[in-house]
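In the two complexes below, subunit A is the common chain; its partner is subunit B in one and subunit C in the other.
This part shows the complex of A and B:
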């Protein structure tokens, strides 16, 4: 059975079960709930924003950045709800969510529209009001990392809204174990700008109109198990995967897999995630690559990313977070920056085993319940020097986030 | 901005923070019994897993029925850790909190406010 047939079957099943339940439309009054957030962050790089000769787009955002979002959730009936969220950030306005949930029961829900498919643990907390640092863990970074032009962002920049459909659900076993699953087909990522695509063009994937020249949808799934030990502790283990093609000819594939673990003991949270993306490249033009194309397995690279963090409330208003995260990229290197259209060759500073390690100490203080000040210091260590010879950087974030 | 200026800004904010009485998650001015305190603790534990407690505490929702539906919705979130048993205690706290919210808004504690959650009955299922 193909993925689209499976989804059609699931759609019919959900509709049928909802109708059979006999409590669908009109069973309760319509409820709407508004929420929003805005974060202003100042990013200071002690040694300057980086090497000017690095590939475009620019290497680092230094200075002020703003993220703002407004969300409305509406419960239309006992079984049907809708969510719409609009964000404003570095790309301008973006439709982060616009979907309907049609739920037959806890274990079977159909989500259709535009949303970030279920992948990993962090994406649920991607709104800046829901995490203690101004930026995101490197595997999920979207633009705030140093030398982002070298790396073309993290492994899976979050959020990653796509158009598609997802079946998901949750099941409790005896009040101590919660099992979650999700499976989806969605537009996926794309790059139909470059003549010889070598990586996903995340910026293009976010641009309206939300259509793609790649007609074959991406697909993926997630499984997670949460175990509780009384009221003071719980633990979650999860695994996710996504697969798709990203070029107009549907020949170049990407596969992303990840594992996550979270432990909470009282208000202390320990979280870790690992992601890896295997990315096929168009190697038909060897001139754009830094190294000779290997005859076997020379047409892809792998980008690994991981983080471990500990979050500890110190007082009712004051939180401390320590995090170690990093990226590791193995494979040939394109000298054409992603999204440039393929006509600008600039020597990439990356080599075939490029690595980046970052250590972060962050403090967050809530002046009021809905207004939090965030500060962090980050030590960056690269295993390659930029054109100015630097391989270590220190940067600071000072930001404020409000939510309602 | 020079590092020195940034440091001065950070120091000013730190002083300001020290002068303010930041309360991030406590229900302001609400006197809770020992039992209600335990319910609040469970509410805080579960709900702060994915978002700050500002979301529910500042939502302005003072309708018990709405909370019942909303907590059921949150319970279905992946990895929420909110079991059916947890919803009873969480709704008990939110009922007290909603009562206090209505009192502060000058609303009647009886009609037209909706009935409190049916705490003796089974907690809300996935299909309320």
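This part shows the complex of A and C:
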């Protein structure tokens, strides 16, 4: 059975079980949950010159974008539950979740199916209904950033659904501490298209490319500790890591590590997160690189990303968020666009130490509990100029998000 | 605030660990690069802009470099012409137009080609090892260069002086 057929089977099984559960006479409303969200956002880039024909390499998505999701969660027994989530975004419909949780007890849960493996803190909030800004922090950006073609997205575009299995659990230490862990094997990322792969091809993670020619799974783990100081304050520290190969020959590796910190004091939330991806490149064809290949430590690059944000409710309906985030990429630069196959060489504008810093001020107003208007202004500062000589951009988001 | 001692304990435990990890990770996350390969001052021919009499190309300068700085945006650049300027150029234009064009469309190869010419001019006639070194350096620069040399060896070894 191919992976796609197995996935379809799992999906049908989950839906079938959910429906059967709903029809059973003894089933209660708590046994299943149906939820959804949708965000419509308009992105305006004031300069415009850096994004003349979005979407295209080196540009961004201007104008309207929509993100929508529907999710079914079903408790099938005291130990078995299932989740299915289908989302719609810039690249069409996508199966974000289709997994079973087989829970022995709080400290031991087995998750199998399609899901985003446990990594970092933001991915838990990646649904637009769960964060106050229209877009994601740069380390987790998936196509909304300016010059996305130059950077090939963020460090770990979120969400990142993969097929695999994960063991996770939670252990409570009295009433003041909570320890979470997760370890997993999953399909991981890949680049089966380029003749000389130099970076992950995130397009290959989308439908209909679930079958991978990379037979070695990626693996990873996450540890997090939450300390609670009563009901008004808590703090979480987390560390995550993922490792895998991404080429068909399983020779080129990538490793992603991250640390996260969140502090909540009454209604004020402070969050910060740092990620770095170490990406090995195929340097067998030095032609495609902007710089000559260094004989030592010349076959990889490192992409760092971080964000710090403070979220402060002003009233019950009005929230303010300030965020500073950035990317820093160090290492050689390929002149071949990721996923192009390698036929066309176009000089990359990135240099060996490329950086991007963004400052965001966001406002959110909830007309009702489940319907919120979002607006933000973003100042982008690059340490390299685009083809028109610009290194600073200003952009605006205005959107609305609803959930049920 | 019962959790305060626990928070202090965690911070004290993690801070040294982060310092050690960052120090140990410096080399792991600090890749090295060589010289900028696009520093020769010659722009590559824009892909698709090349044309000529041999193998589908039109006009070029008689020198090997059809596109000096700034000409990559011109509408048509000839890389393979009937009279390309010399016996090597003419032979390559006639029999190896594809690999020649590929090199001139590649920002790295076109600079490596200039480096090859400089290397050969700086090498004394009869210095076979020096000539070999020039061609080896060019060939090892990348697959585009290697394919160009392979074609020259097959069709134009004599006119181009390929070892």
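By our rule, the second predicted complex is superposed on the first by the 364 of 404 C-alpha atoms of A that agree within 3 Å, B and C clash if a C-alpha of one lies under 4 Å from a C-alpha of the other, contacts with A are read in each partner's own complex, and residues count from 1 in each chain.
We take it that a residue touches a chain if its C-beta (ideal position, glycine included) is under 8 Å from a C-beta of that chain, and two chains touch if they have at least 3 such contacts.
Since we're looking at a predicted model, the values are computed, not measured.
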- Task: Overlay done on subunit A, so just call it for subunit B and subunit C: clash or fit.
- Result: fit
- Query: In the superposed arrangement, which partner chain does A:291 touch: subunit B (first), subunit C (second), both, or neither?
  - Reply: second
- Message: Looking at A:344, would you say it contacts subunit B, subunit C, both, or neither? Reply first, second, both or neither.
- Response: second
- Message: Looking at A:376 after the superposition, I want to know if it touches subunit B, subunit C, both of them or none. Which is it: first, second, both, neither?
- Response: neither
- Task: Scan A:301 for contacts with subunit B and subunit C and give back first, second, both or neither.
- Result: second
- Task: Based on the superposed arrangement, let me know which partner A:106 touches: subunit B (first), subunit C (second), both, or neither?
- Result: first
- Tell me which partner A:228 touches in the superposition: subunit B (first), subunit C (second), both or neither. both
- Task: Would you check which partner chain A:163 touches, where first means subunit B only, second means subunit C only, and both and neither mean what they say?
- Result: neither
- Message: Quick check for you: in the superposed arrangement, does A:123 touch first (subunit B), second (subunit C), both or neither?
- Response: neither
- Item | Per-residue touch tally on subunit A - higher for subunit B or for subunit C | B
- Note on the structure: Overlay on A puts the nearest Cα atoms of subunit B and subunit C apart, in Å, by 13
- In subunit A, both subunit B and subunit C touch residues 176, 228
- In the complex, go through subunit B and note every residue touching subunit A. 1, 3, 6, 9-10, 13, 16-17, 20, 22-26, 28, 41-42, 44-45, 48-55, 57-59, 61, 66, 69-70, 73, 76-81, 83-86, 125-128
- Query: Which of the residues in subunit A end up touching subunit C in this complex?
  - Reply: 176-177, 225, 227-230, 233, 235, 237, 259, 276, 278, 284-294, 296-302, 304, 330-332, 335, 344-347, 352
- In their complex, what parts of subunit C are in touch with subunit A? 1-4, 6-7, 10, 14, 18, 27-38, 44, 47, 105-109, 141-145
- The subunit A residues in contact with subunit B across the complex are 21, 23, 28, 31, 33, 35, 42, 44, 46, 75, 78-79, 81, 103-107, 109, 118, 121, 124-125, 127, 129-130, 168, 170, 172, 175-176, 178, 180, 182, 222, 224, 226, 228, 231-232, 234, 236, 238, 262, 264, 266-267, 269, 316-318, 365-370, 372-373, 375, 396, 398, 403-404
